[in-house]
Each structure stands twice: as structure tokens, then as C-alpha cells.
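Two complexes come next, and they have one chain in common, chain A, joined by chain B in the first and chain C in the second.
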Partner chain A sequence: MNPAVIILKALIFPGLLFTAVLGLVTSWVDRFVTARVQMRVGPPFLQPFYDVAKLMIKETCVPAGGSTWLFLGAPLVGLSGVTLGALVVWSALLFGGRGFSGDVIVALYVLTLPAVGVILGSFASRNPLASLGGSREMKLLLSYELPLALAVLVPVMQSYAAVQSIRLADMATQLPVASVSGVLALVVAILCMQAKLTLVPFDAPEAETELTGGAYMEYSGPPLGLFKLTRAMMLVTMPLFLVTVFCGGLDVADGVLPALLGLLKVLGLVVVIVLIRNTAPRVRTDQAVRFFWGPVTLVALVAVGLGMMGL
Partner chain B sequence: MSFAVQALTRSLNVFHLAGSACNNCDIEILDALTPRYDLERFGIVLVGSIRHADVLLLSGVFNKKSAIRLQHLYEQAPKPVVVVAIGACACAGCMFRESYNWYGKISDYIPIDAYVPGCPPKPEAMIAAVAKLIAKLRGS
Partner chain C sequence: MGKRTIIPIGPYHALQEEPEFFKLYVEGETVVGLDIELGYNHRGIEKLSESKTYEQTVFLVERICGICSTSHPIACVQAVEDAGGVEVPERALYIRSLIGELERVHSHMLWLGLAGHFLGFNTVWMWVWRYREELLNIMELVTGNRNHYAMMKPGGVRRDIKDEDIPTIRKTLDGLHGPLELFRDAVSDDPIIHARLKGVGVLTPEQIVDYGALGPTARASGVDIDVRRDHPHAAYGLVDWNVVTATHGDVFDKAVVRIGEMFESMKIIEQCLAKLKSSPGPVDSNPKEIPPGEGIGHYEAPRGEVFHYIRSDGSNRPARHKVRAPSFMNVLTDREAVLGATVADATIILAAVDPCYCCTERMAARDVATGERVLTSRELIRLSQAKTEQLKKELGAEGPRLNLEAM
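Our next item is the complex of A and B:
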């Protein structure tokens, strides 16, 4: 393929710009649903856009004694990670099933980069509270990656059994959620997604009321805006990934209406995690690690076992 | 109206600094952020770190020690930032004005953009102050 086309796809459609706009709209959905749960009116539709635009014109403070290039580079690590992840998933869904064998693993892999960016940035800021947030993020990352990989293994097995392919585009034609193992794996994956997006109850890395912003504490201006953008993009990319892997994708080839129904599936997943976030208290890091390595991994193993038996 | 002012006034992140206030103003500030008044409608949210803030809310009387912290905090805030003094103490010292620990007017060491008098001021008064502040920033 022409390199210019690849760059255009990565930066505009369906990569950075497209996913960013979609992500900011999704983060409005998050704030709107939250407001309705609390019986409020909620922010205007363009509020997430105003927030990011405002941060772009603010001053950038770099903490003295910290690592400047790492501090300013960390947001780019996260942003490039989520852009690549979104690009892999959207390519499988949009361009007639473009992709390669095992692109599901690549998507899983690059979608951990935003968390790595947060960890690097928090350690580079030389702030004790931010470091605490960074180490919590690291423990959380170690705890949810195992069950998430096990959960994704179930649709991978089912797809390989049905169509002898583990490309995302072919996995999107299957419907693992129609089987018992698929439902169990989806529940595990939703819980892992909650932790991956560091939403309550797994928001220990930020912990507004306790670490006053935690990992992001020292960030201001454009770098903070990039982190917010990364979070917003993750908020749409993760549900999209789960819909692709578990719920049959978006059916873009079938026309506009099935594609919109597919987007409703993504929206449904977003509303589910927003409702979890609004009705759960924050858990401690050790509780989160115990939760993910204990019951959640067990359920994921059961799902893999059932999947191997073809259930 | 420039894009910068437009973006800033539509997304004011508030950092609240209580300088040994008696807590009445602090409680009224929290009242203003409750669902009843729902300031998130105007993009106003409370943040935990001064680095994320566009508005610095002050309450209480600042003494010799806390005034230095206040100056540090003002210097740490990413500009542009606006400062709002909430309550009679932060505005003029109230009954602590003649006290031994009175360090002088806050406006002597950091610039203040809006005063909200009252002991304590009602949430409506704070919302009115924010509306006037936004109008002032937009230059209308």
C-alpha cells in the first residue's frame, strides 16, 4: 500500500482524528449518564471538546528535577498506542476485513501502551503522590492483563474452530457471546476493561479524593490534554474491541442500518461500564489484584475450559 | 472574542484552597457543586491538583505561614488562572482583621479577580460571581 495512504489512515480516518472525535463524544456519554444517575442536567454535548481545547492553550509546567523529555514524551506513548490499537480494530471492521493472522494479539498488545505511558509519566514527574499513582497503575496492569488474555482466548478458539482464522475481521463474523463460554469470557473482559480504563471501582491510580489526581498530578496544559484525549479514545476503542471479538462486530458491509446497530452495541457496553462506575466504591490496590488473580481468573479459566469442549 | 478565552470560560476547573477557614464557606462551596445547582452544566468541575486548575478559590484568613503556601500555589498554577476570594475573611479579613495573625490583604501578594462577600456567601452568590467573571474575561 502507498505509504501516504497509510499515514493518512493513521492520522485522520480511522486513526487519530476519527477515533479522537468519537472518543470525546463517548466521554460526553459517560458524563451525561453519570449526571442522569445523580439526577443532574449534565454538561453540554461539546464539553469534552472545550476541555481538551482549553488545555491546549494553557501553560505547560515541567516539575524541577524531573526527567523533562520523559515527562513530555509519556503522553505521546499512550496516544500512539491507542491510535495504533484503534487503527487495527477499525481496519478489520471497515475496509472489507483488512488485517493479518493474529492481529487480535497486536491490538491487545498496543492497547496496554496507554497504561505504560501513564506509568512513565508519573515516575518522570518526581512527585511522590504521582509515583504512588504510577505504582498502583502498574499493579493494576499486572493484575488484569492475565484474565483479559484468557477471556480473549475463548473467541480466538471458537473462531479458529469455525473458520480456521484468528484475524479480527473473521472473528467479527462469529458470535461467541451466543455460547456459555462466550458469555463468561465477556463478563471477565468487561471487568478487565473497567480496570484498563481506570474507572471506579478500579480508579486507585488517580484517586481524586486521596492522591489528588495521582498519576496525572503534575501534568498541566497540552500534555494533560493528550492524556485526556488518550483516555477518551480508550473509552471507545476498548468497547469497540470487545464488540469486534465477542459480539459480532459492526456489520459495516451489510449497510448503514446494521452498522448503526453495531454502534449501539458499543454504546451499550459504554453505558454498562458507566453504570458500574457510578454504583461502586473504590477498591484498594491489593483488593483489586486479589479480585483479578482470584475469582476473575478462575471464571476466565472455566470459560476457556468450556470453550475447549465446544460449549 | 478569541478562541483562547472562549475555551477557557467554557471549561473552568476549580481548585479550592481553604486557608484555615471556619468551614462555613467551604460547605457553601460544596453546596454550589451539588446536583441541586449542577455547575457541570457550565463546564465547572472541582479538581484535586493545582496543575489542572483554571480557577483558584480562596476561603479563610491567610496567616504568616499559609500566605507563603498560597503564593507558592499561585506560582504553581498553569496560566492563565483566575483567583476568586470567597467569604468575608478572604475578602477583607472579617473579624480577624485586627488580630495578631492577620498578614494583610491577599491582594497585596497575589492578584484577585473576583470577591464574593458574605459570611458565608450563598451558592447563588458564587454562581453570580462566576457569571460576572466569565463576562469580564470575555470582555462583554
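Our next item is the complex of A and C:
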């Protein structure tokens, strides 16, 4: 492929720009649904765009004594991670391409980078609240990655059994959620996604009323804007990834209507996580770790077992 | 032993809307020590009060706290009435209790919402505060203000409750029963709330007594104190209600006690409304002067007993006015409750006593270089005496001298 095309794909469509716009729209959905659940009016449609745009023109303050390049580089780590992840998932769904073998593993891998970026940034801040947030993020990352990988293993096995392929594009032609193991794995994956997006009940790394923003505490201006953008992009990329892996993808090739239905699946997942985050209080980090390594991993293992039996 | 870090909660922190400074000494995420620094909001209310007439003092103490804005006035006017032996008409007593209980419900709802917010459960926050608005509407209807009602005055209340308003009040309160039951069930049924609040920030009855903690903080630990029952005032001796207590002393029980108290308050309000019909008459005995003497007044504020002492020298303003708000006793219990907790739990524990700092403020001066306290009360008295002696010498006057060593 022409390198210029690859760069265009990464930066504009369907990579950075497209996913960013979609992500900000999704974060409006999040804020609007949240507001309605909480009997509020909610923000105007363009509010997330205004927010990020405004941060981009604000001053950047770098804490004294911290590592400047790490502090400023951390948001880029996260942003590039989610951009790559989005690019991999979209490439499998659009253009009629077939991606490459094992792209699901790449997607899983690069989608951990936003959390890594947050951890790096928080430790570079030299702020006690931020480092507490960073260490919480790290514990959380260690706790949900195992069950998430196990959950994704179920559709991978099913896809391999059906079409001898573990490409996202081929997995999107399957419908693992129609099986018992697929449903269990999807539930596990949704919980892990909740933690990956650090939304309540797993928002301990930010915990506004404990750590006043925790990991993001020292950030201001464009770097904070990039973090917000990363979060917004994750908010659409993760559901899109789960829809691709578990729920049969977007069916772009079948025409506009099936594609829109596919987007509705993504929207549905977003609404599910928004509802979860509005109907639960925050759990402590130790409770979250115990939860993910205990019952959630167990359910994931059961799902894998059932998947191996072809259920 | 690991490395100790200070996690600062304050002087301005999203946890509390008032300036205060909790220094959490932590090892990892475990709290091993706590320093409480207050005084950011000291206003010298007691001294100010000495320059106000008795009528004005009530408005002043109303502004000690925006949430207990009728508890302080009730305690204050009772202290004045105690000093002056003033009779209060029965109808005024009912109105005092009515306003006081409406305040308790809205204050507990405020806490419940904030507790939800502190736990990251913003839906509870928004819902509870939405229904709290209805109570504030009643307040506006009856008193003209959502907060700072200016209802109390020595000898009675400033405004009567109109008969035509009572049906509206009844209707609004009836509409609140449903939501309150919803919140009660939400708290008692939610497994994550149980996981977060049960066994967290436990205070034993002994600790409560040692620290002299008050109000729901004490009652949640099974210490059955409530000045409304123990020293009946306003209309609390004339209506039927119960003191709500719990046994475990954890944050969960504090929530349970507060929610239970809201239902008791609704009971009291309904009875007061009914009694208003059968007790017509004036709402104010219009005392003309307060003879020399001293008086105390206490009232069970939403956070515990608030205490006012007033000494009169026969003039139209207090010679001495002493205020003690419940948070002054309750906040210190944090030192016991947060030890050994994680930072995540510490924040909800700090919030569990429903702290109110503006009424707790005391002032201490410290030498920045040495960290030692300077200008203590003794030192101030000594300075003041020295000044008096000097003035006497200059003016050639004689007078008694206070023996400081005997104090």
C-alpha cells in the first residue's frame, strides 16, 4: 500500500480525525443520557467539541520538578494508542479489506496504551494525588486485562473453528453472542470495558471527590485536551471493538441500512455503559481488583470452557 | 514501616465546599495519621454579637451556617428567653418545631445527596437534591426565603403560618413520602453501597462519649442522645415522635439514622400542622427588655446539639454570647474513624459526620518559624490586663484586678 494512503488513513479517515469526531459525539451521548437519568437538561450537541477546542487554546502548566518530556509525551502515548486501535478495527470493517492475521491481538494490545499514557503522565506530575491515581490505574489495568483477553478468546475460538481465521474482518461475520459462551464473554467484556474507560463504578483513578481528578490533576491546556480526546475516542472505539468481535460488526458491505443498524449496536453498548455508570457508586481499588480476578475471571474461564465445548 | 506521604484534602478540595484542611498521612493507600486544620473562615461571630441588639443577634447567628440556618436562631432565642424569663406562645412553639424539622429534612437530604456524590453516585445526588427543592419551595412559601428564613425572634416567631398555605404544604410533603422511601430502599438494597459503607469508619460508643460527639454521629453508634427529647423545648414535648438509633457506628448506620430521622421529622411536621389549627392566638410575646442574668439555649440541629449561652447586663445587647456548634465535637472523631482506612474510604468517613466548618471555626495563631502556638487566650488576657494597668496608671484610676494565676 502507498505510504501516503496509510498516513491519510491514520490521520484522517478512519483514524484520528474521524474517530475523534465520532468519539466526541459519543461523549455527547454519554453526557446527554447521564443528564436525562439525573433529571437534568444536558449539554448542547456541540458541547464536547467546544470543551476540547477551548482546552487547545489554554495555557499549559508543567509542574516543577517533574519530567517535562514524559509529562507532555504521556497524552500522545494514549492518543496514538487509541488512534492505532481505531484504525485497526475500522480497517477490518470498512473498505472491504480483510486486515491481517492476528489483528485482534494488535487491537487489544494498542488499546491498553491510553491507560499506560495516564499512568506515565500521573507519575510524571510529581503530585501525591496524581501518583495515587496512577497507582490505582495500574492496579486496575492489571486486574481487567486478564478477563478481557479471556473473554475475547471465546469469539476468537469460534471464528477459528468456523473460518480458520482470527482476523477481525472474519470475526465480524460470526455472531458469537448467539451462543451461551458468547453471552457470558460479552458480559465480562462489558465490565472490563467499563474499567478500561475508568467509568463509575471503576473510576477510582480519577475519583473527583477523593483525588480531584487524580491522574489528570496537574494537566491543563492542550495536554489535558488530548487526554479528554483520548477518553472520548476510547468511548467509541471500545464499544466498536466489542461489536466487531461479539455482535457481528457493522455490515458496511451490505448497504447503508445494515451499517446504520450496526452503528445502533455500538450506540446500544454505549448506553449500557452509561446506565451502569449512573446506577452504581464507586468501588474501592481493592474491591475492583478482587472483583476482576475473582468472579469476573471465573465467568470468563467458564465462557472459554463452554466455547471449547462449542456451546 | 513504609514511607509516609501526606495526601492533602484541602484547603480547597472537591470533597467539601468549604475551606478546611485535612492532612492524611498515608503509607501506600492506608491512612496512618490525620491532622485537622481549620480557621480559614473565622468571622468572630461571638464578638460581633456583642455589638448587636438581641433582635439583630438572631439574624447574625442565622448566618453562622447556611444549612442549620434555623437551628442557631432557635438556640439563640431560647438562650435570650432563658436569661429574661420570657414566655413564648404555644402557636409559636409549634411553628418553631415545624420550621426546625423542615430544615432537618432538607439538611439530611443535602447530606444524602452529597454522600452519593462523594461515592461517585451522582444520580443519587441529583435525584435527592431535586426533591429537596420541593422542601425549599415550602420554605419560600412560608418564610419568603429558601434558606435563612429569619423566622425566630426572642419571644416567638416573626411570621405566622397562614391557614391557606397549610394544604399546599401538606400536599408537597405527601408527595415527598414516595421519593424518601425510594431513597431508603435504594440505600438499603444496593450491594455496592453495602460494600462501600458497611464496617467503614466505625466509632464505638466509648469513642463517642470520649469525644463528646453529638447528633446522628452519636446515635449511629447506639448512644441514645437527643436534646429534643432529653431537654424538651419548642413543641417537641407536645408531639409524638421517636429518636432513631443504630448500633454499628459505621458510615452505613449514619446514613440509616439520617434517613430514619427524615421520616420522624415528617411525622413531627404533620402533627405540628394539625396542632396549628387548634392553637390560635399570637405568635409573639414581644418582650420589651432582658434583665441582667444569663441563659442557655440548645437545639438539636441536623448535625447534633447546638448550644448558645447569653449573658445579659440589662442593656439591649448581649454582654457575652457563646456558641458551640455540633460539628466542633463531631469533626474531631475523624481522628479515630479514619485510622487504618484507605484513602478511598477516608473521604466518605470525613464526610460522614456531615461536617460544617463555618460553624466550627476557631482561631489559633502560630509562629510560622517554630510552629508553636502564640497569642493563646491566657496571653491575650495578660496583654489586655497590661493595657488596662497602663491606662489606669495614665488616668490615675483604681479598680479590681483579676487574678490570672488562679484561673
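The definition used in the following text is that the second predicted complex is superposed on the first by the 310 of 311 C-alpha atoms of A that agree within 3 Å, B and C clash if a C-alpha of one lies under 4 Å from a C-alpha of the other, contacts with A are read in each partner's own complex, and residues count from 1 in each chain.
Basically, a residue touches a chain if its C-beta (ideal position, glycine included) is under 8 Å from a C-beta of that chain, and two chains touch if they have at least 3 such contacts.
If you're wondering where the values come from, they're calculated on a predicted model, not measured in any experiment.
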**OP:** Name the contact category of A:T209: first (chain B only), second (chain C only), both, or neither.
**Re:** both
**OP:** Give one of first, second, both or neither to describe whether A:V41 is in contact with chain B, with chain C, with both, or with none.
**Re:** first
Original post:
With the two structures laid over each other on chain A, which partner does A:L108 touch: chain B (first), chain C (second), both, or neither?
Top reply: neither
Original post:
For A:D51, is the partner it touches chain B (first), chain C (second), both, or none of the two (neither)?
Top reply: first
Original post:
Where does A:V200 make contact in the superposed view: on chain B (first), on chain C (second), on both, or on neither?
Top reply: second
Original post:
Touching A:E59, do we find chain B (first), chain C (second), both, or neither?
Top reply: first
**OP:** Answer with first, second, both or neither: which of chain B and chain C does A:E218 touch in the superposed model?
**Re:** first
Original post:
Counting only touches as set out at the top, which of chain B and chain C does A:I276 meet: first, second, both, neither?
Top reply: neither
**OP:** Could you look at A:P128 and tell me whether it touches chain B, chain C, both or neither (first, second, both, neither)?
**Re:** second
Original post:
On chain A, what residues does chain B touch that chain C touches as well?
Top reply: 38-40, 208-209, 211-212
Subject >> Complex interface listing, chain B residues touching chain A >> reply: 3-4, 7-8, 10-11, 35, 38, 40-41, 43, 47-49, 51-52, 54, 76, 78-80
Subject >> Residues of chain A defined as touching chain B within the complex >> reply: 31, 35, 38-44, 47, 50-51, 53-54, 56-61, 208-209, 211-213, 216-221, 224
Subject >> chain A - residues contacting chain C, complex >> reply: 34, 37-40, 128-129, 132, 135, 200-201, 203-204, 207-212, 278-287
Original post:
How about chain C: which of its residues touch chain A in the complex?
Top reply: 5-8, 13-15, 29, 116-127, 130, 190, 192-193, 195-196, 342-345, 347
